[in-house]
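Report on the structure given below.
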Amino acid sequence: MKKIMKHPYSQFILLGLVLLTLPYLAEAGAIRNSTVTVIGTTIIYTIAALGLNVLLGFSGLISLGTAGFMGLAAYISAYVTETMALPFELAVLAAIVIPTLLGILVGILSLKFEGIYLGIATLVVAEIFREIFINVTSFTGGATGALAGRPELFGTFRLDRIQTYYLIVVVMVLIFILIHNLTKGHLGRALNAMRGSEAAAQAMGVNIFKYRLIAFGIATVLASVSGVLYVHYVGLSYPTTWNLMLSLDFLAIIVVGGFRSIFGTFIGSFIIFAMSELFLKPIPALANITPLVKGILIIIFILYYPNGLANIKHQVSHWLARRKGKRDAFGQTKTEKKNLTRAEVRENDTV
Amino acid sequence: ACGNGNDETDTSAGEDTGSNETETEESVEPAQGITEDSIKVGNSAATSGALAPVGSPFNAGIRAYFEMVNNDGGVHGREIEFVHTDDEFDPAIGRAALQTLVEDEEVFALVGHFGTPVIAATIDDIKDYGIPAVYFAAGIGQLYNAQAEGSDRVAMPVQPIYTTEGEMMLSRAVGDFGAEKVGVIYTNDDAGLDMLKGAEQKAEDLGVELVSEQVPAGATDVSAAVTSIVNEDVDFVIGAAIQNTIPTIVKALVAQGSTADLITSYVNVDASISQQIWNDIDGQFDVYGNGWVDLESEESLESLAMMNEWIDDEYDNNVYAMTGWIAGHFFTEGMDRLGEETPTWDAYIDAMESEPIDNPFGGEIDFGDGQRVGTQEMNLSRIEGSTEWVVVEELKSIEEILGNN
Amino acid sequence: MTPSKTKELALKIEDVSIAFGGLKAVDDLSFAIERHEIFGLIGPNGAGKTTIFNCITQFYKADSGRIHFVNAKGKETNLMDLNVHEIIDEGIVRTFQNVELIRELSIMDNVLIGAHHVMKQPLLGQLFNRKAIRQDEADSREKAEKILAFLDIAHLKDLIAGSQPYGVQKKVEIARTLMSDPELIILDEPAAGLNDTETKELALRIKQIRETYQTTILLVEHDMRLVMDICDHICAISFGKRIAVGTPKEIQSNPEVQKAYLGEEGELE
Amino acid sequence: MANFIGVFLRSLEYGSFYALSALSIILVYKTSYTTNFAQATLGMFNTFLVATLVMRQGWSLYAAIPIGIVSAVILGVLIDIVIIRRASKAGPVGKQIITLGLISVFLGLTPIFFGVDNLSLPRFISSGTLTIMGTPFSYNALFNILFGIFIMLTMFATIQKTKIGLAIRTTASNETTARIMGVPTKTVTMAAWAVAIVLSLISGLMTAPYSSVSLTFMNDVQITAFLATVVGGFATFHGPVIAAYGISVLLNIFQVYMPSGTIWGKPLLYAVLLLIMYFKPYGIFGKQRLKKV
Amino acid sequence: MSKEPILEIKDLEVHYGPIRALKAINITVYEGQVVALLGANGAGKTTTLRTLSGVIKPSNGTILFKGERLDKLAPESITSSGISQSPEGRQIFGDLTVEENLKIGAYIIKSKKILKENFEKVYRYFPVLRERKNQVASTLSGGEQQMLAIGRALMNNPKVLLLDEPSLGLAPLLVKEILEIVNTIAKDGVTVVIVEQNAAQTLKIADYAYVLEVGSISKEGEAHELMNDSSLAEAYLGTVTN
């Protein structure tokens, strides 16, 4: 049993199950109804951020354009379902394929750019998208945005709010499993190698070009999925939503949560998005200064958990190890060596 | 654009009380949020971030009005309790905030729901809940409905709709200033684009020439758009922009030597704007503003004095606070009309529709026959000092203005 | 230390030149390496040794000349037609003068990267973690463990590579090359930073690698005891030009090599 | 022609605003290896301070500016000491997110200190216009152009003539080793933050009279400044500055002379810049950093 | 030759997180001496030098430089007081040119004249650096980078020079040259602390040596004595036979 629970799949599914109970808790009055909506949105952001985590955490490529691609998918899905009145499934397909092709195009450009140059280049792409969102009114609804209803499955079964929430949770768990599969083995290692040492990666046969495209592809697919879920959950794609601040929030999510950590991405998303809704705003003294408190908390988290909150786990095991573990010639235990050096090594990281 | 039919029926909270089916007169329960001695209402609005300069005084205005009412013993013995949450102008947060208000806080009505993205994302939910929503702090076209039926009746806009305002501005240009070629500088947001739309429609109706240039909302450099407008040698300029973009536009027009008079949205008719541009204009041209609140009449001045008495000094005379005050007034008026009748949602809406409601700052709104069109009459004022907007034309409808000529 | 019985050609460098700005880092250089031999490249600092490695592995594109590789099956390839990442497919793999590891990954993960090109893992298969993929992973891990054990660092496999002592990091780089089933291993200063004992051990290992993994080895090294001990042939270069090729004995006594590189005779330890 | 001259001169003026902000971004980047997303917000905060003193307390602009500068310096020093210095473990992306946190903090603090209303700020030179080839052009605009250039030239000269330039570059490249060489990197970083925030303030003080002092009034300037830094290249100080002027001129030309220019001029310019970046991926004035293996 | 102790390390302990890298070591260095630190990989040699230059702060113990506490000072202050280091792994500034790297080495030198002299001195020791003075340092060959790192440390006329494996990656001829240079500098009165893998050659030029073993000093003595210590030779240095 313990072993089964240790398997990442079980942990993802467990998280999913916990999240699925929220509507019941809300009905039972244990939590507020709006909590479910907030968590639903948190999950949606988690998915886009996870894509960025694959891109930045694994491959070391930064993007400040996540919001742009997410928005594009949102508009496409809204357009296909509402204006063209085509089935939801088709909308999903179009809303994932089109941005992903564009994302891959950016991936091709990315070969030329490094670090912040790539960041700003992707920002420029997103800004161009934003102009399109506002000005190509017939497609986007212009400045008032594009409206969309809840998903209608197989052309017959329209989900209500709670059912849509269930759908979002299920999609999240599936994505967690798939991304786990992708990153824990061959692909993950290739991306890691590319980030760690481009020269070594190439010498070991990693085709940088191909893997950059894959990384951008994955990031855009997830941003697109997130955009689709967003527009059908929130009901509106509003042009100014898809701005630099949102892209930066995705970055914040993975930094606060932890690079390369799937759970970390969820935790980060919770901190960045849900924390102020669920914990700060209900407190009258904080309700009017939530931006201030949120900003301070972000800074504190990064200062004290530079490797992300997902690493609390390591710290706990480290602490336990120190209490009972055996020490080597330098007075260090094996776990300590594993975990601490992880932190030490970070000094040399550059993006 | 929103005919997507959200057929949610799972909105457990409010459904048994005020929803549309409760037609039978007997043994009606009051709707949610109503107790023997209290009425709970609420809104979500941007009270932090870039729109806080509007959201904060607006909410303060609502609060002040309710405080005044409560001080007088409430409405038929019920005190009004106002709850608010900050939605940061974000539709995702707004949607959760609405749920908090309706399902968790169980408010009786929404008063002063705020901001285009939040309103657009939640308007269908509001209709599904069937909860009355009085006053929307936005002017988007979606709120406009000449003959609302069924659940559409819950939305009761008061502010002018931006497209209406655009028509009004162009009508002023032609009717009051005899313009033959009008330049529009509009922001690429809902306000700017909708005002442009209204102006374009009216220009076509009236057969006057119209040229337009776009500027990004909140832009720092609008000089290119201004250059193009100045080059066009227009007789009159419409500044279809709200908040911090309008001073930028006016200052650029001055810098580039424009002499055509300019009109801007009612949203800008506030001392905080005139203060920013009075010195710059320096008589080069006149800046006019639409207005739907009138600050001349005895009645209005009385209302203003009353508001200033009840609101934080910080917001004395603030136009957005005045609109909040108006929102409070409209809601209270409906409650007042219910008298001793059991306050259900339907009863409340019927009461609102029963006869036109006076605006404490002049004019009236008629929700009768399902009219949901917001303010239709506007006045005209001019900047005549760093804190002075002086009314130069009384409240008038578009027809009246054009009839002038 | 006899080289292979039948003298087959493995790598042929002909008239290769490359210049950076005005500087001719490699100047009309030619040499050939036989299969299964250990071939040393020596020369003063800045002579162009690393540069020629970079030309072979296509990190640099030589300005002129030919670089041909003949694999075990006798197929000849012009390496200059290939991309950097395709070099390993020919069976050529290298280490780096300044260790290039993924610092924050474990030693095991670093070594597994060496198997990148031999793993046959389509993206979709990985996505759904198919059985074949799991098997492939398990096999690679097993292979990696064997290699780590061979290099005496199996016990360190879960530790983070970046904080290991230099000597261990160098071994990890060698382990990584072995994962790729190489035919030709190119080592750039494998003994730098090792002490005398460790260098001796390394010499032994390199010879074992040749036998166990049936490879050809090309190396650059400034530690003359190592070079003279293990190399079958040595090429000495200076200012990008070849000054001598021969057996260790011949090189050691070559006056030009002594002048340019070794110092006066007899000073060798 | 007069028209074009006007467009050109105005572009130069706005170019100054962008260039000062770009310089601010570069300075922090070069010493802390951090893209300071809070550049605009910090500039905004101090501009609010000056505007509050002028509008609410009735100070003269010239009395208020020194206070703003002192506040900017104090903020820079505090941010460096309290936050950036302790974030060495966070890595470059982590530090960038810290600056994102700073945005939140200062967006939260501004209304608390200065109220929610937007303010306005007088110009450096309140009136007077000269006509240059038929185009009206205010003394203030001329002052902005000249003063901007003056500040930048002073900075370049200081960086060139003294060891400061080298100290800055080594601090960014490898802080520990720089310290071993005797470079007081902490002072360098702290000074860079202080100067950077002062530059943002100056950019804000120049911009505000043309728009208004609101929470977001410098955001636009910041995005253009970011663009300028990558188009010009992070390698040099002059590259981004020249790019800032260039982008400003091009943007206005696109917007004025292209059909539907005010709608599509900007995205088109962005596309063009993307193309330029594609061919000069390290900036027009930057060189590719070689990594030798 | 040995007059005053210029450096005194007393009971020095250093931790990396919970890892104890140095366990109460004691080292005394006299003015003008060449002191060698020897020991296997990971013994703590680099850690000792990094603590001397202030990059790492000790958790315990003191370091005195001419009788003054050093261990509380910032690295830049330590450098200013006359201690210069050629660090492990070269740590050259890759995107600066050779000349700029050298210039930064002389950061604390105010006089233009001395700066010029020092440039001349370094270029004399390493002529190739003069040829390459405008080359971006990251593109230098491994050995050239090593020369640059040593040259850079010489640029500020140090009183104490800390060298961490200076011969790493250098051709045999140059190894000899480096050791000769060290000798020359020491004769000019500069104190040198040198870490080397190549024990035999190092002991030839050193006056005194310490052997580190997992964070402790296991042996110390006059260099010529250690050279003949056979147990030592086998255990840590590899067999030192000439």
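The chains carry the letters A, B, C, D and E, assigned in the order they are written, with residues numbered from 1 in each.
Following the convention adopted for this analysis, a residue touches a chain if its C-beta (ideal position, glycine included) is under 8 Å from a C-beta of that chain, and two chains touch if they have at least 3 such contacts.
Protein names from UniProt, one per chain: D = Branched-chain amino acid transport system permease protein; E = Branched-chain amino acid transport system ATP-binding protein.
Because the structure is predicted, anything quoted here is derived from the model rather than measured.
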Any chain that touches subunit E and subunit A: C, D
Comparison of C-E and C-D by number of C-beta pairs in contact, larger one: C-E
Maximum centroid distance from subunit A, chain identifier (CA atoms): E
Central chain (distance from its CA mean to the mean of all protein CA atoms): A
Euclidean distance of C-alpha centroids - subunit A vs subunit D, Å: 31
Whole-Å gap separating subunit B and subunit D, where each centre is the average of the chain's CA atoms: 37
Whole-Å separation of chain centres (CA-atom averages), subunit A against subunit C: 41
Contacts with 2+ other chains: residues of subunit A: 135, 199, 290-291, 337, 343-344, 346, 349
Residues of subunit C touching at least two other chains: 50, 59, 96-98, 100
Junction residues of subunit D - those touching two or more other chains: 107-108, 263, 266, 291-293
Residue numbers on subunit B that touch subunit A, as the complex places them: 1-2, 4-10, 12-13, 47-49, 85-86, 90-93, 95-97, 99-100, 103-104, 116-117, 120-122, 124-125, 140-142, 188-190, 192-194, 214, 217
Sites on subunit A touched by subunit C in the complex: 178, 181-182, 185-187, 189-190, 192-193, 195-197, 199-208, 214, 337-338, 341-342, 344-346, 348-349
Contacting residues of subunit D [partner subunit B, same complex]: 3, 6-7, 10, 14, 17, 55, 107-108, 111, 115-120, 122, 126-127, 136, 138, 141, 207, 209-212, 214-221, 248, 251-252, 255-256, 261-263, 265-266
Subunit E residues touching subunit D - in the complex, by the definition given at the top: 53-55, 74-76, 79-80, 84-85, 87, 91, 93-96, 100, 103-105, 107-108, 136, 138-140, 152, 156
Residues of subunit D that touch subunit A when the two form their complex: 29, 33, 35, 37, 83, 86-94, 96-98, 100-109, 112, 223, 226-227, 229-230, 234, 263-264, 266-267, 270-271, 273-274, 277-278, 281-283, 291, 293
